[in-house]
Every structure is written in structure tokens, then in C-alpha cells.
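Shared chain: subunit A. Partners: subunit B in the first complex, subunit C in the second.
== the complex of A and B ==
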């Protein structure tokens, strides 16, 4: 029962993230989506994944988004109403598609012929992350650097002009 | 030594951006140029076996990198195209802040592309493809005008869809194989060739790479991104970025993970390759914007690479990799020439150009060389790679696809000669009276790329024996 509630909450929060016309609400809805996903991960027996999801996706990323929102201009009430109508007209079919896909998937007898392997001490996430996946760690650091340069290149001059 | 190819651009990036004043930042552009030239020199003169030897850095960093002949060809392409893009940037971007920021983002892209070529793990492949995607997004949006932001936005959205497909398939491969290294996944797929999970994973990953590579029917983002990006970024994107992100990754997966004998996947590749060739060529016929024409031409030429891969034979793989290299060179040359014309004329609308042949002789001649190579005219490089692909298709009894490849080469010659006529011949107008040859920074890479196009074509027998035949183990 709890799993069903969590999945419905996850879907509703993610739909709100995409469909809302206000950027700040979208950032907060994204945080809620990630928090619910973190709970799902804890319940599936992946506490490390849950911790990362909670700290990074539900915490750090919305914090960065909200700080960047300060650089944007807010739409007036008329612009907001027009944007809301335009988004509804453009994306009304997405929730409908989602419901149809859910109904179809619930009827199909999916046979997964591979089972998840239990985590062994050698495959402990901490060991894997710090001892075995140096290249991925370096890659993630470089992706963050890329993001930082994106902010500098795209937003710094804009702020100076204002 | 392989670790250096990832750490050197990173070290240059950190050095050029240390917070010790603006003087250091002016070093970003020359540092990137030097690294690109050094990469070309090392790849040409250091044999493949020496690259895989022990390195003192491996005491601190164990990255699990490996180099083979395909990787060597790709690293050479990366070095040549980054050199060309940086030279064009030196002539078209304002010195100081913009040029150093551009160079810094290019260094990040170099880390991503070099890593993609050298690694042997699916999850790491996803991470390094993301590095290339993030840096490409920033570069496309560099000018911050409406078209550039729209092009970048389309790119990042479709790239995110591709990433989602790839990450999902990595998770499924983890279920099947228990690991994500190429060897482990390849072994597991041999034992699980009827598994639905394995097939879904393969399909999802390949779809993601089709999007990254701008292949039909996922090519919608490409013309907008190429045409709205600044000139050096167009050289970079068309020359190497999409080739590494989508096409090379596909070549690597087909040869090292899925196996070229995967029949159903081969059929998909042949179909997508043929569709890309036809759609790209026909769309290019109707373009008035030079960069959009070259973008559609790029989609078409990448289709030849995918056709070669879809043969499933070592000769097909050889042809695909060879055409990948040649395409990097002649497409970069075409975009460098586009930068030259844009610099002097101020537009990429071909209807507003004309009779530039006499006023821009170097640009005109190098453009003609690129046009003839793209169309597959002997003895230029493009002829040989297309010939190898067509022979491979014939040998694997894919006669219809071979026919399409030959027919579309004629269409390619048609639209490119039309382009050449519109820009460099036709009647002159008063607007063109003051036009002169492009600056040194654009002419030099044009001459270098033209020399490579001619040299690879004329010296094809030596190139074949030294670099290409070892690729498919055909020797």
C-alpha cells in the first residue's frame, strides 16, 4: 500500500515539475520528486543510492536552481496566464499517455529473466566508488566543472550587463 | 601514457583558470592549440603498443584505459579538428575573455572525447559522453543570441533523452552481466542472446547513440545546432563532437560489446544508415543557408559510416572507421571555409553571395577539394573510404544498400557543386566588391585540412597497410 502511494506521489510530483508555468514551483516540485524517489530507494534496500538522491537531487540541485532563478525575470500575471494555457494546450496528452502506458503495462505479463545480485562486501558502494571507479569520479568532477563554466559563459556577462 | 591524454587537458584547464589574475587566462587558447598539435604528433609517431605500456601515473590513478588502432584514428581526428577549431576561434572570437572561455570549454570537451575513445566500460562511457554533451551545449549557446539558445536547448533536451536511454540500458546490462566492463557485458551477451532484457538494453543504448550522432529519424536538433553556433563551434561539432559521441561509440560497441555478428542489429544499422544518407542528401538540395546545407550533408555522410558498420564484416568496419576519419577532415574543411566566407561577407545566406572565387582563391580551391572528396571523386580520400564501404556492402550481398550509396553520391556531388557555384562563381554584386581572402588563422587550417584530404587519397596504399588493415585484423 505504501509503495503504491509513493509511486503515485512520485508521478504526480514529476508531472507538476514539468507542467507548472512558474520556475520556482518547478524547482520545488523537483525537490519533492527526488525526496519521494529517495524514500523508494530506501524501501528497495539501496540506502546509499537513497542518501545520494536525497542530498544531491533533493538538496543541492534545487538549491542551485533556486539561486539561478534569481537571475531570471518574473513573468507578469498576464504572461503567466498565457503561459499556463499554452503549456496545457501543448502537453495535455502527456498525462493521458502516461495513464494509457500504465494500464497496458499492468496487463502485460513482463518476464524479467535476470535477478538483481545481492551486494557482496567487495561490491559495497563505498569500496566500488573510492577504490574501483576512479575514472567515473574524475568524469563526474569534470562534468561539474563543465556546469560551472556553463554558468560563467552563459550567465556572468548577462549579469554584468544588467 | 594514456592517462596523460585525459589529465593533460584537465591540467591545462586548471592552470589557465587559476585565480591569480587575468594574464593566466590568456594562456588558455595557446595551451589548447599546443595540446591539439601534441596529440596529433604523439598519435602519428608513437606506435600503438607503446601507448599501452606502464606509466608512472598509474601508481596514483587506475583508469583502465586501452588503445587500439580504432582509438588511434579517433585521437588523430580529435587533435586535427580541435586544432582547426582553435585556429578559427583565434580569428573570429574577440581576444581576452570570450576566446579564453571558449578555449577552456574546448579543453573540457577534449577530456570528454579522449576519455570516450580510451575507456572500456559502459558506465564510464556514459559519464564521458555527458562531459562532451555539457561542453557542446555551452559551445552552441556561446553567442547567446536567440537562435543559438534555441539550438542549444533542442540539443540538451534530446541529449537528455539519449542519456536516459543509455543509463537505463546500463542498468539492464548490470542485471545481465553483473558488471559494466565491455568484456564482461560481451561475454554475458554471448550466453544470453535470447534474453528480452539484453535485447531491450541493446536497443535502448543504440537508440541513445543514434540521437547523439544525429541520425535519422533523430536528426531534428542537428541542423539548428550547427547553423546557429559560432563558426569555430560548428567546425568542432561537425568535425568531431557528434562523431565521437554517437558514431564512434556505436563502432566501439558493435566491435567490442555486441559483436558485429548481431544480425538484427545489423539490419537496423543498414536501415538507419540508408535513411540518413537519403534524407540528408535530399534535404541539403533545398537549403539556401550554407551552414544548414553542410549540416544536412553531415547527416548524409554519417549514414555511409553506419552502412559500413551494418555490413557486419571486418571490411565494413574498416570502411566505417576510414570514412569517419575522412569525414572529420573534409567536413571540418567545409565548415572552416564557411567561417572564411562568413568572416568576409557577413552572412551564410548563399543567395547573397557570388563570384567569390577570384576574391577568395584559397578558400575557393580548398572548398572544391572538400566538395570532391565528400562526393567520392578519385583520387581524394573520400573516394577510397566510400569505395571500401560499397565493396563491403557488395560482398555481404546488400546490393540495394550499395546501389543507394552510389546513387546518393551523385546527389551529393550535385548539391555541393550547386553550393560551390552559388558562392564562388555566379555573377558578382556590389556587396562583394570589397571582399578579400580570409585571415591567416582561417587559411592555415584550410590548407592543412586540404593537404590531409589530398595526401590520404594519394597515399592510400600506404595508409591502408599501416593504419587501416590492422583495424579489422584483416592483415
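== the complex of A and C ==
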């Protein structure tokens, strides 16, 4: 029952993220989506990934997005009203599309060949990351350094142009 | 339908619905920040699918390590995308993808 409520909350939060007119509210709704997903991860026996999802995706990323939104110009009440009408024309298909997809998927009856197995003894992501997937760690470090380098280059270009 | 089959069916359906919402957001949005948010929603669906696969097969540790890797990559992608958006905003005073014409070949 709780799983069903969480699933509905997850889908509703993601739809709200897409449909809401103000970008700031969309960023906050994205944080809510991540928080619900973190709870789902805890329920599915993945607490470490849940902690990452909660701290990084529900905390850091919305904070970055909100700080960027703060740099941009805010629409006035008239502009926002016009934007709402214009958005409604483009976005009203989404709930309809989701309802149709949900009906079709409930008829399809997704099956799984591998039923739930007992969790294996090495069920510690730290062991897996350090012993089995150490190349992933290297990849993570390279991606983070690459991202930092890209941001530095982009901001430096901006400063030079000014 | 037993519990595990229901769980897979329900979470699989939820994942696909979130995926549809993300794809729709990326396709329809003109605001670049909103496009980044759409990519984020897509990533949420993929993360949920990874965790679900780990739970179903009993290999939650491997699924968690992959999900953590995905989250790290997600942060790097968002930060770079956001800095590109900031650069474009400084140049054009706008974050509307429809008005960006400088990249046209």
C-alpha cells in the first residue's frame, strides 16, 4: 500500500515539475521528486543510493538550479499570465498521454523472469565499489574533474569577452 | 499476482510514466533551465529502473554502486549545462532555446 502511494506521489511530483509555470517552482518540485525517489530507494533495499539521492539530487542540484534562476530576469504578473496560457496549449497533452500510457501498461502486465532473489552476502555497495567496480570510481573522478574544468573554461571565456 | 510480480509491474509502470514526463519536458520546453530539469527527470526514471533491477535480481549492492555513479555523472552534467546556460544568458539576455540562432550552421 505504501509502495503504491509512493509511486503515485513520484509520478505526480514529476508531472508537477513539468507542468508548473514558474521555473522556480519546477526546481522545488524536482527536489520533491528526488526526495520521494530516495524513500522508494530505501524501500527497495538501497539505503546508500537513497542517501546520495537525498543529499545530492534533492539538495545540491535544486540549489544550483535555484541559484541560476536567481540570476535570470523574473516575469511580471502580465507576462506570467500570458506564459500560463501559452504553456497550457503546449502541456495539456502530457496528463492525457500519461493516463493513456498507464491504461495500456496496466493491460500489458509487465512480467519479470527473475523473481526476487535473497540479497547476496556481499550486499555492501562500498565493497562492490572498491573491489569490483574500481574503474567506475576512476570514471567518477574523471567526470567530476572534467566538469570542473569545463566550468572554469566557460566562466573564463565569459570574463575575457567582457 | 504475487507480491514480487506486483512490485515489478507497478514500479515498471511508474518508471515508464516518469520517463514519458521527462521526454515530454525535453521535447516541448523552450526554456533551457526547464530542459535541464527534463533531463533530470529522465535520470530519475533510469535510477529507479536500476534500483528496481537490483532488487529483483537480489544484487542491490551492484545496483547501488551503479546508481551512485549515475548520480555523480548527473551532477557533472547539470553543472556544465547550467554554466552554458549562464553564458548564453550573459550573451543574449534570454534562456529561450527558440531565440538562439548563433549556433545555426
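Everything below uses one rule, namely that the second predicted complex is superposed on the first by the 119 of 162 C-alpha atoms of A that agree within 3 Å, B and C clash if a C-alpha of one lies under 4 Å from a C-alpha of the other, contacts with A are read in each partner's own complex, and residues count from 1 in each chain.
The criterion applied here is as follows: contacts are C-beta pairs under 8 Å (C-beta built on N, C-alpha and C of every residue); 3 or more make two chains touch, one makes a residue touch a chain.
Because the structure is predicted, anything quoted here is derived from the model rather than measured.
Of the two partner chains, subunit C is the only one that A:17 touches; subunit B does not reach it.
Of the two partner chains placed by the overlay, neither subunit B nor subunit C lies in contact with A:2. By the touch criterion defined above, A:140 lies against subunit B and subunit C together after alignment on the C-alpha atoms of chain A. Residue contacts after overlaying the shared chain place A:154 against subunit B and subunit C alike. The larger set of touched subunit A residues comes from C, when the choice is between subunit B and subunit C. Annotation: subunit A residues 111-112, 114-117, 133, 136, 139-140, 143, 146-147, 150, 154, 157-158 touch subunit B in one complex and subunit C in the other. Looking at the complex, you find that subunit C touches subunit A at residues 4-5, 7-14, 16-18, 20-22, 24-25, 28, 31, 33-34, 36-38, 40-41, 44, 47-48, 51-52, 54-69, 71-80, 82-87, 89-91, 93, 95.
Taken together, the subunit A residues at the contact with subunit C in this complex read 3-4, 7, 10-11, 14-15, 17-18, 23, 26-27, 30, 33-34, 37, 40-41, 44-46, 48-49, 52-53, 56-57, 60-61, 64-65, 68-69, 71-73, 90-91, 93-94, 97-98, 101-102, 105-106, 109-112, 114-120, 122-125, 127-129, 132-133, 136, 139-140, 143-144, 146-147, 150-151, 154-155, 157-158, 161. Across the complex, subunit B is touched by residues 111-117, 133-136, 138-140, 142-143, 145-147, 149-150, 152-154, 157-158 of subunit A. Across the interface of their complex, subunit A is touched by residues 6, 10, 13, 61-65, 101, 104-105, 108, 111-112, 115, 119, 121, 123-124, 127-128, 130-131, 134-135, 137-138, 141-142, 144, 175-176, 178, 192, 195-197 of subunit B.
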